[in-house]
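Labels run A, B, C and D following the written order; every chain starts at residue 1.
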Amino acid sequence: MNSTVGRLIAQRLALGILTLLIVSVAVFFITNLLPGDAAQAALGQAATPELLAALRTQFGLDQPAPLRYFSWLSGLLAGQPGISLVNHMPVAQLIGGRLPSSLLLAGVTAAVSVPIALTLGITSAMYRGSKYDRAVNVMAVSMVSIPEFLVATIAVLIFAVHLHWLSALSHTAGITTFAQFVKAYAMPVITLCCVIVAQMSRMTRAAVIDQLTSSYVEMAVLKGAGPVRIVLRHALPNAIGPIVNAVALSLSYLLGGVIIVESIFNYPGIATLMVDAVTTRDMPLVQACAMIFCAAYLMLVLFADIVAIVANPKLRIK
Amino acid sequence: MSQPDSTPGAITPAPATPAGAPLANQSAHTPARRILGLSPLGLVGLALVAFWVLMAIFGPLLSPHDAGEVLDMDVFGGISSKFWLGSDYLGRDMLSRILYGTRYTIGLALVATLLASGFGTLLAMVSAVSGGWLDSLLSRTFDALISIPSKMFALMMVASFGSSVRLLIITAAITYMPGAFRIARALAVNVQTMEYVQVARARGEGWLYITCIEMLPNMIRPVMSDLGLRFVYVVLLLSGLSFLSLGVQPPDADWGSLVRENISGLGQGAPAVLMPALAIATLTIGVNLLIDNLRGKRR
Amino acid sequence: QAATTPATPRRGGKVKIATQSSSTADTLDPAKTSHSTDYTRAHLFYNGLTKLDIKLAPVMVLAEEMNTDDATLWTVKLRKDVRFHDGKPLTPADVVFSLMRHKDPATGSKVKAIADQIESVKASGANEVQIKLTGPNADLPVILATAQFLIIRDGTTSFTKANGTGAFKCSEFTPGVRTVGVRNNEYWKPGMPYLDEIEIFGIPDEAARVNALLSGDVHWINEVNPRSTSRIKATPDFGILETKSGLYSDLVIRQDSAPGKSMDFTLGMKYLIDRQQIKTAAFRGYAVVANDQPIDPTNRFFFAGLPQRPYDPDKAKFHLGKAGVLGSTPIPLVASVAAAGSVDMAMLMQQSAQKIGLTLDVKRLPADGYWSNQWMKVPLGFGNINPRPSADILFTQFFKSDATWNESGWKNEQFDQLLVQARGQTDFAKRKQMYADMQVLIHEKGGIGIPVFITNLEGYSTKIKGIEPIPLGAFMNYTSGEYIWLSA
Amino acid sequence: MNTHKQGPDSGSAGAEVVRVSGLQVAALKENGQLTPIVQDVAFNIGRGEVLALIGESGSGKTTIALSLLGYARTGCKITGGNIQVGEHDVLTMNDRQLQHMRGRHVAYIAQSAAAAFNPSRTLMDQVIESAMIHKIMSRRQAQEKAVGLFRALALPDPEHIGSRYPHQVSGGQLQRIMAAMAFITDPQLVVLDEPTTALDVTTQIEVLRAFKNVVQQLGTTAVYVSHDLAVVAQMADRIIVLRDGRMREVGTTDHILYHPENAYTQSLLAAARPKLREQPAPSEDAPLLRISGLVAGYGRPDRRGLPSSRVLDDINLTIRRGSTVGIIGESGSGKTTLARVVAGLVAPARGSILLDGEELPPTLENRTRDQFRRVQIVFQNADTALNPGHTIGRILGRPLSFYHGLDKAAQKKRIAELLDLVQLPANVIDRLPGELSGGQKQRANLARALAAKPDLLLCDEVTSALDTVVGAAILDLLTQLRRELNVSYMFISHDISTVRAICDDIVVLYSGHMVEQCPREALAEAPRHPYSHLLMSSVPDLRPGWLEQAAGRTPQGLPPIGPSDRSIDICTFVDRCGLRMDGICNTVQPPRRLLDNGTRILCHRTISDLEQLQAPLIAEQEIAA
């Protein structure tokens, strides 16, 4: 480690914070364009002008938008992301109830999918052009090509409705044994894996192949190195940067991109929380969720960057 | 000497480097038969894509019924001589609905992809050529956009402005523009350092000539193959939106909405839900195979 | 086909109920409850003064009796020995607080409009309150059976936990996730409830809801799509609960703007509705053909003598031609998933219209913001009206000239007079005649077309016993919790 | 057709280690056809013998070299023949057996060490890797042996250099470390594939010397691949001349150099010693281009307006109308940057550029179209200088319409004339650059510049990417154009003989400074700047034994000096200068002085000092001539 790495990381961090700020402004003003507000959403069919006015005052919606933005921002900086307009619970508490579930799902999916994807990617790069490679490729393409809601629904029909092996719903509460855990998580995890494994394995394959066509790999062959050594000792260390990047991009999908999986398996994650918040125009909650997705994305990308920097001696050692 | 690749191969993973197969099976390289420069898998892809494009153009002419006509009181009917692909949840002819839906699916996705890639590439070139603060601003803004999950963004857009075909196109285009921008910018930065661009600059050419005549044609191949992938993503995004009831609105229907509106027939194995899903899968698989084999020529 | 009721209920067990909607807007505040999930949850933890039986007649609950002479001043005797979950006894102050808070706009009550009929509520004895109305209304006991009027403790402001008198105590409530109730051992109804625990959560996706039922993850679901019924029926140990009710989705033709201003247009559109097709195609037969008036056949005031308006393309063509809309520019027809079945109905109408040369441009809008921004604002659209406990409430809220939700902007003096007279009329036959006249008026002149009354469909596991459907809402009008039990 | 001498009799002393006969290698073309790229190659190598393979680019040198390891690149396939290395029958071996042989019995040294080293592993790790793979010694032993080899290869700090990463050592060092990598297992045969081609001449000589030492010490049997006859002459016992994948001539080094029989070998030899082209006398009127006090570089300008990385410093030069000024210097010395500054692609931070007495605006935006027209730039690499998507006709047509507003018909006529001028067939007009050979591309590149009717051509390494024979033809063309069109050239190259062949005046750049400026005749004689001297004496002569003699010609070792004062612009060459003087060179800015023979140098040494110290070389060169 040295100052170069430190400086690079600090620079990325600063850029990340800037990006967060841009996103917060963008989200705030997009949501301000939404027709209707929390008051209307809350009253629904029952809205009358006087009721609306009363609720708006109660929610503080009668204040101008920039003022609301800044009070929200200052609240956020003070660690207080506000109070939900809809059910008057602190936003932090609402999110706090859901975020662990989301992270757990994302974590389990990552733990399952990353090894599979890397193995597939690396082996198909090793045997590129072979039947195995082509089979893996066609499988990967087919997996990304089927809408995830269909994959999920079919899985439910087979494993829950017909075979009764797994649960059609993923309850997070009341799981005490590993068997229960598997029962609840198997299907959402399988569905999500279908979406991201293909992506990651293909990028891994490309990154490894990129290295395998390099001169130093040819050199290693001419030194008498076997295929395994070539991939593990020569190609992989240099492919780490792009691979980690691909993994980070795919994993960033696991927080915000899983609305469909959450809604099919009734999983209490943060994506549905945000969908709810948009529907009910619960601005503080929408904002907070958007910031979380964005921050998660930036953190993953930052992590990938750091790994790439640390893996690259040119950057690591001056 | 091997032929110089006409594109700067920085982004496309495998530039045609002569350094070669390091692994054991060098002698096993059998010459595969190629037609139109495509491997057999690539041909399968081409055939699938061509089929659906033809359907998009001529589908409505071929379809036996009007897409909206209720023909039968029996719903989720199986495959029969009356309904070649079964009937849907209202007793409409699935074949006709899929044929009509082809236009929406392909048209929407194509327009959105073209917009995303077109504007993305344009901005990328502006960004790369101008450099400086404009470059930073654009890059940063697109970075911020990319960090909002696409479905969330689409959701907010649809919630704000109501679902219409135009809005869906704009939403999908905006969602996928940052990715297109990133790739095109990397390409443009690469191409820009090529000496022929320098020659053109030293000749006194304007930036419009340089970007459009000198740079663009040499970025177009990787941009096109990226466009193909993006097309697949848009098809899937739109079908995802349809699942959330935010996609193309009835009575019009793209394939995603067809799957969605018939999903309750899945439990009884109705073709009404399987067939449009199959259509989506064949289209996206076709595009993927085609692109893979265009790009991976030398792999 | 309601489940038959064996004699001895069994105690114990846990039941899971999945409803069609759940979000962070979920609430434990009865005043804010707005859909079946909320109502069902609220009825677990709270009691009302009254409730409705299977014939929609009011039954006393926390009220021991309700008396009135003029239908304006009511005396309510409260049940003794009722305790809240926190141990405090039920007092008149609780009732006063629970009813009067609806009148305060800051409460955000869903029933403020109805509660405004209440002039005052006062304690008039140790176990007695007096309710004074602004005008006579014989239906007060019916009105007080609605979920919003459930009784909470005096002074309650926080609703993160429920403190009611209900059969279950709230052990977990996470908005948008789930609600868990555990048996209230001190419940004032002896021996009840039977279940140890009950859990409610939402599964918004219908297919997922049905799958959850069939895979055994939940015991009871509502809002079953008619197309899923065959699957549920075909699976052993599961049943479909049909509840005919006054629920309808209606075509709303605004009477105060362009095409709807012409009475011919309105009539033409009504003739264009192919009710039989809508019943079979859109609802798979799980609906009752309606007749462009809102009182359904289960209602005691239903006027059977009103001739059924048929699907008549020729008449439709005649009237629409007179209105001058045939062959001209497309007319937008707004539908939304917010109004159940309206999208299908719109598409079917579009097909019928096409045959006579009328172009309807179906616009499907998202549920989001539909009620605020589209409903009652577009010239031609759809509404969706949940069953109301009484014909009076229905007419007052939706058809009176100055009604808040006068969907079509219909104005008829004769109707308004009849409505007010009927409220004070205590003679049932005379009252029924008045309601019949009103139904005829709406049928002929109103700006709404009601194709069908939609049958409520619920799916349940036959392990659940004690189900008696009430034709107003799902889950035995949301009160099922305390009555059902699990067979072994 | 030429017959070539071949057989055991031509081998030198010792038993044969390598026996190759009837070798055939084919390439798989896009259309699935197998096209032969190497045919009927047969040779033997005796123990301790160094055999050179020589030929132009694409003649199959690398292909043959790799086949000795039983290896063919992707898309290539060994289709026939027999290769015997020691007891191994290479072409019948399976993958496992090949793995056992490679790196153990036959070792390979690749052309570009920079690419052949894994960037993410330490040098030591890679040097001893083959020993580890073949398990012939322990890690300790291997490391000790590697350090010994480092020492033998004259690498600095041999004990610790192994713990560095590839990017932490220079190209020349890396190339030597690669040799250590090959020698670590004491292979029976070492294959060196153009090991010095990518290096600057001054570095090349060090590497050659190190290689030669080790090969002699260890008595290695080697195949040395190169396209440079002069280099080969230093290393090889025997030479095979290849062309189009066939052997044209085989013989001892002396035989090939002094008695070539094959016509192709003869043309190769002729091109290797470029003749000085006749120069028309430049006109003596006002100079065409005058550069004064030029400072330029890249990166954000600081407060004084100087760029963060300064590439050119205090450049002053004049190009007379119709004359050629050569710019020479090692890689990174700023040659290209100078051309780019004149062309307006890089804005100078200081100084002025006068074209015909008129100030050239520093940036592109402010130049007039006529100014653009008068200065044309021709880049080194015709592959990247021609837009691969445009036909030759379109490429040449653009400047015609852009500068001269010619319509289609007039363009067509003019293009035909231009093609004729650069001696390209008329039918290339509809072809894409990819369909032309390297020499043809460079001609098209030149024709495009000429289309503008320029006064000044900036030629940046226009022959460097070409084979010697083809390059010589381009030089002839340039000379001819100059005579016919009276254009002036700024001719940039890193190759001294090329520059001397066609230039009137020569400028020597060293890390952005003009260290010497002289008429071309003066460069051959002392006194000159110590760097020019190093440069001149590093160019291999086309005769065996030059390498051994070269040792005495430049000062060996560097005189010790104290710390340098970096606050002033001291001589940039001080770190490598064999004539540096402590207390002066490291503390005082060097003076620019004008010598009698028209040479200007930037050096503290007196003329007599230089003359004396550089004398030996003159004597050598006279002998050689």
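Assume a contact is a pair of C-beta atoms (placed from the backbone, for glycine too) under 8 Å apart; a residue touches a chain by one contact, two chains touch by 3 or more.
In UniProt terms, the chains line up like this: A, B = ABC transporter permease; D = ABC transporter ATP-binding protein.
It should be emphasised that the depicted structure is a prediction, and the values quoted were computed from it without experimental measurement.
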item	value
Interface with more contacting C-beta pairs, comparing A-D to A-C	A-C
Chain centre separation (chain C, chain D; CA means) in Å	88
Centroid spacing, where centroids are CA-atom means, of chain A (ABC transporter permease) and chain D in whole angstrom	51
Length of the line joining the C-alpha centres of chain A (ABC transporter permease) and chain C, rounded to whole Å	40
Distance from the mean Cα position of chain D to that of chain B (ABC transporter permease), given in whole angstrom	46
Per-residue multi-chain contacts in chain A (ABC transporter permease), two or more chains	34-35, 153, 157, 161, 213-215, 218, 220-221, 263, 278-279
Chain D, residues touching no fewer than two other chains	71, 73-74
Shared interface positions of chain C, touching two or more other chains	207, 211, 214, 367-369
Contacting chain pairs - touch in the sense defined above	A-B, A-C, A-D, B-C, B-D
Contacting residues of chain A (ABC transporter permease) [partner chain C, same complex]	34-36, 40-48, 50-51, 54-55, 58, 84, 86-87, 89, 94, 97-98, 153, 156-157, 160-161, 164, 167-169, 173, 263-266, 268, 272-273, 276-280, 282, 285
Contacting residues of chain D [partner chain B (ABC transporter permease), same complex]	28, 30-34, 57-58, 71-77, 95, 340, 343-345, 364, 367, 369, 372-373, 375-377, 379-381, 383-390, 398-399, 402, 434, 438, 448, 452
Chain D contact footprint on chain A (ABC transporter permease) (complex, rising order)	213-216, 218-226, 229, 233-234, 237-238, 311-314, 317
Sites on chain C touched by chain B (ABC transporter permease) in the complex	206-207, 210-211, 214, 225, 227-228, 230-231, 277, 280-282, 284, 337, 343-344, 346-348, 350-351, 362-369
Chain B (ABC transporter permease) residues touching chain D - in the complex, by the definition given at the top	1, 3-4, 6, 18-21, 24-27, 29, 31-34, 37, 194-196, 198-199, 201-205, 214, 217-218, 298
